[in-house]
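In what comes next, chain A is part of two complexes: it sits with chain B in the first one and with chain C in the second one.
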Partner chain A sequence: MVDALARRAARIPGVAYLLVALVLVFSILTPRFASAPNLFNIGTQSAILLLLALPMTFIIMTEGLDLSMGAVLGLAGVVLAMLLVNGSALPLALAAALGVGLLFGAANGLLVVILGMPPFVATLGTLGIAQGIALAATGGQSVVGIGNTLPSLYASSWLGLPFSVVVGAAGYAVFHFVLYYTRFGNYVFAIGGNREALMLAGVRSRWYHLSIYSLGGLMAGFDALLLTGRMSAGHPIAAMGMEFDAIAAVVVGGTERQRGNGWLPGTVLGVLSVGVLKNGLNVLAVPSSLQVASIGLLLITALLIDSIRRAK
Partner chain B sequence: MIARRLIGVLLLSAALALSADAFPTTSNLLNVLRQASLIFLAASGVTLVILAAGLDLSIGANLGLSACLTAAAIKATGAISVGAAAGLACGTLIGIANGLMVTQLRLPPFIATYGMLWMVYGINYWYMAGETIYGFPAEFRALGSGYFLGVPAPVYLMTAALVAGGIFTRYTTFGHEVYAIGANAEAARLSGIPVRRRLMLVYTLSGAMAGLAGVVYLARLNSAEAGIGDPLLLPAIAAVLIGGTSLFGGVGGLFGTLIGAVILTLVLNGMNLLAINANWQPLVTGAIVLLAAWIDAAARKRAEARDA
Partner chain C sequence: MHRLMSSMSSGAVSGQVKSAPTAPLLEMRGISKTFPGVRALDDVSLEAYAGEVHMLLGQNGAGKSTLIKILCGAYRPDRGEFLVDGRPASIASTADARRLGVAVIFQEFSLVPYLDIAQNIFLGREFRSRIPGVIDRGRMHREAQRTLAILGVDLDTRLRIHQLGVAQQQMVEIAKALSQNARILVMDEPTAALSDREIERLFEQIRKLKQEGIAIIYISHRMGEVFALGDRITLLRDGRKVASMRPADTTMDALVRMMAGREVSTTYRRGFCENPGEVAIEARALESANGVRGANLVVRAREIVGLAGLVGAGRTELARALFGADRITGGALRLYGAAVANNPAASVRGGMGLVPENRKAEGLALGRSVQDNILVAGLHRLFPNRWYQFRKAHRAAADLIARLSVATPSPRRLAKFLSGGNQQKVVIGKWFNAGSRVFIFDEPTRGIDVAAKAEIYNIMEKLVADGAAVLVISSELPEIVAVCDRAYVMRDKTIVGELSRAELTEENILKLAMHDG
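And then the complex of A and B:
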């Protein structure tokens, strides 16, 4: 009986314990944490991060990394906001943001997959390019006056849930389906696990690998919808460092950088852990700079636990 | 390889001399040299790390925190030596922490040093709390903006680092072992090289050089705020890659990084003289990183094709 319980407990991933522990600690420390408006707030913030963390899971599963996501999201947000300011319709502006994201994602894929550059340097380079364009286009200023369409869409609620949470849930459903129920998903596992075997089996693995990076850029472009809606403005460096939160969420969620070992529900728990940690520290009035430092600590701790487990 | 890059420097200089009258003046050329020295100091340690097939993404944040602690220590004690010691100690400690994560905890270097980047970044912004510390004694500022025998002071530091580093990498067993680890860590381990101890050393050196660069950079700017080191990661990595050090480890060297720093500075200086908005700098630096990494990856593919 005790053995059976222990075995069942061993199968629960570490990130679930982490999330429960974080929620408990913050609930005890401050009553404001568990209030309904604050939980809503965590949900909406987490949705924005989740849209980056989902494709980041695929990328990390294939032994890759995308450091450019935050900068690309910032640039797509600037493009979206500028078009809205100029009176474009929202669908057109969103299409442009998606185009910008896809372009950068495809460029990352090209650099890593076709030209064989190490992913962290290739995407560090595209980070600089995306940030440079966003800064030069705006002169470093916020793009304001985007009208009411997007902010009111963002503020709307669907079936009692905030718009961004609905979008985040829909995004998760799509990625879950793709990863676990399609051939593309099988290839995501295989590219990380055994690329050689995949190529020998005649699969155009490079094409799929390139698509995974493109998907990352595309989602960063799409995320501009939520980020810009939330801020009612576009800002060139608004999303700076958000790729770091996404990487931390994926790693904390139990996806391993080797052997194609990915777990998408873990990414959701990782995103919520990052969201709860940041929000809880915020409610406790810990400065945002130390919140950033705490995510760094969280990431390194997760890597550490991972390496200890592997050593056993 | 070095010769080709030196020709690049000459061509770039000639083009700039033709397009901007202010370029070939003594004061501007000394300024280029000063700027390149600062980039070299930050990039020299990370060159060793990359030679050993690792990576240190924390150097920009490290430089920032080291500079701010130096500033605070000088203001608190009035002693330049205490300030410089604080900056160097800060940089070295961050380097040691990176080394421990990579060698003892076996974390992948780019993710571990990336986590370190944001940890140090957060601590620095918290510590500075939006304040700027400025106005340092003239003797301290001389370290960054002064001249000695008509040559900017940082150039001497750069030369000292280059000579010491050059001897270390070329003429000591330590240095050869760093190359061997970068070329093939497993083979290096099997041939009896203490891989972990050597890696520990290069990460520590990378942190210490970032700390030193922070001190000199502060002396140059005469003012410290939390974001001081943020824009320096990309240029430092760019200098290493333009200099021909391979990201795959085992190929390259410090002299290349110096040439890389000069080329990068010439490009940024030229943009400045041609009155191109400074907001374009991250874009240009990013493009240069990509170009250099592409050349590196292509060279590796050729080498692999040859060996196969």
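And then the complex of A and C:
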């Protein structure tokens, strides 16, 4: 009985303990943390990060990296907001944001998969380009006056849940289905785990590999809907650095860069850990510079827990 | 697999006595293949008959792997033809080979660690459901279960590969090959990683496959298997076919003799060591984290000791453990009678130098100059006060380059522009500069030309003449026989025997290196 429990406990990944510990600590430190409005707040913040972390899981599983996601999200948000300011309908503006995202994602894929550039360098390059365009287009200013459609959509609630949480959950459901029930999902595991075997099986693995990067860009474009809705404005550097939170969330969640070992539920736990940590420190009024350091600490702690448990 | 299934369901398999096969299922005729500088295969022919196991034997580098890569379409032969079912066939790509029913189980598994068994068996050939892109998982698991059942393997197809042992992974590989409608199954040392019980089970499956009328080409280093399993034997040596025969017509001794066979044309050494000096390396019951178990070895000053064995026997692992590059977990290691800390820095301080097998990855910084490379291991000796002095460095490098006669226009030349032989001299020079007295050479002459080889042997000879101790790992048996004063032979990650100068012949090495059980 005890043995069975211990075995079951051993299978729970480190990130789950971490999340529970964080929630407990913050609940004890401040009563405001566990209040309903604050929990909703964590949910809406996390949804934006989750939409980046989901494709980032695929990319990291396939021994890749996408540093451009935050910048592409920022640019897509600016495009979305500018079109709304000019009176475009929301679907059209969203389509444009998706197009921008897809363009950058495909460019990343082209550079990494077809031209064989290291993902770190290639996506650092596209990061700069996306950010530069966003800053040039806006002059570094916020794009305001986007009308009421998007903000009111964002403020709506479905089944008692905030719009962004519903979108985040739907996004997760789609990615979960894709990863575990489709051919594409199988090939994501295979590109990370044994690319040679996939090629020998006659699969156009490079096309799938390129699609993974494209998907990352597309999701960054889509995420502009939530980000812009949340701020009721487009801002060129609103999502700066969010790719690092996304990478941290994925890695904290137990996905490895080797052997194609990805775990999508872990990514959700990782995103929530990042969300809880940032929010809790905010509630405690910890300076934001220290919050950045805390994400690093979280990352190292999660990896440490897993490596200690593995060593046993 | 579908062919396999249908024959199962029609009940045509069990109990039926197959008549002796007449025409071979597969014929490879006059296959030749040359790589730059190496004649890998020269006019080799091979037939595989339905329901037979054809054992392919040969030393390291005899051409077995090249032949198999040609058969599966990974390489294209320079000359030669294929016949399948007696009709000429073309194998220009892996897809062609698959279409003709050729499936290869390589030693490195072609499995995806985090997909489950069913997903791996049908990788790239997933069953599709009515929704585009979505996999029919239920059907895939059912089919996978059935394929495994035919092999007599009871495994939950929902288990992922990383959860399986090596033997189980091997079974999944076989199932994957069979499910591709394979008629010609190639197995490259399938038992290398298996325990005795697992081997017995694998043999049962192979006998079943024979009954199914599948032609099997089986590469092995274990003599026992050749006689337990083989219906036909083909022996390769130096890229040529030596002989084909039935197991009943030969003996183990005869096979070993034929495999060795190469006449030793030249003895490189003028004089062998008559009076070895003090003990330089002494390993007792050495165990290491990389798998070496219970290895005993002594190397004395002034002697060249060989370390022979087949690929995978654990020679490089032992060398790395001796050098401290991999962790020692048991036993004792002494360097000139003193215990050494288990790390490369301590080994180098103690006078040891390792010339690694993969000199480009482990021996050199290719993008740095000859001077930087040749000095790197001895900087602490050269500059005891820790300041780098350009002139002194240049002089020291020039001196080493002259002593080893490295052909380079200048010490500033980048290491990557040197020929293989000269690169090797730079790696050796590194240890000269470090003041090493114990040298471990891992495949020192691999990939370098004959003239450079002779120079490397000369360097070794000078080393021992100056009182150094040398341990040489080589897969080339003539090299071991010609260069070494004595040799140890490894098998299954341990030392299984020692051969004195008088006993040191290729045949004796092979006898120890191959499995006789």
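The rule is short, and it goes like this: the second predicted complex is superposed on the first by the 302 of 312 C-alpha atoms of A that agree within 3 Å, B and C clash if a C-alpha of one lies under 4 Å from a C-alpha of the other, contacts with A are read in each partner's own complex, and residues count from 1 in each chain.
What we mean here is this: a contact is a pair of C-beta atoms (placed from the backbone, for glycine too) under 8 Å apart; a residue touches a chain by one contact, two chains touch by 3 or more.
Everything quoted here is computed from the prediction, not taken from an experiment.
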A:153 touches, of chain B and chain C: first, second, both or neither? neither
Chain B or chain C, by number of chain A residues touched: B
Chain B versus chain C as contact partner of A:193, first or second or both or neither: second
Which superposed partner A:89 touches (first chain B, second chain C, both, neither): neither
First, second, both or neither for A:292, with chain B first and chain C second: first
Touching partner for A:144 - first (chain B), second (chain C), both, neither: neither
Partner chain in contact with A:184 - chain B first, chain C second, else both or neither: second
Contact residues common to both interfaces of chain A (with chain B and with chain C): none
Residue ranges of chain A in contact with chain B within the complex: 65, 67, 111, 115-118, 120-122, 124-129, 131-133, 135-136, 139-140, 241, 244, 247-248, 251, 257, 287-297, 299-300, 303-304, 307, 311
Chain B to chain A touching residues, read off their complex: 55, 57, 101, 105-108, 110-112, 114-126, 129, 226, 234, 237, 241, 247-248, 277, 279-287, 289-290, 293-294, 296-298, 300-301
Partner chain A, residues of chain C touching it in the complex: 94-95, 98, 110-115, 119, 123-126, 128, 133-135, 137, 162
Complex interface listing, chain A residues touching chain C: 181-184, 186, 189-190, 192-194, 196-198, 200-203, 259-262
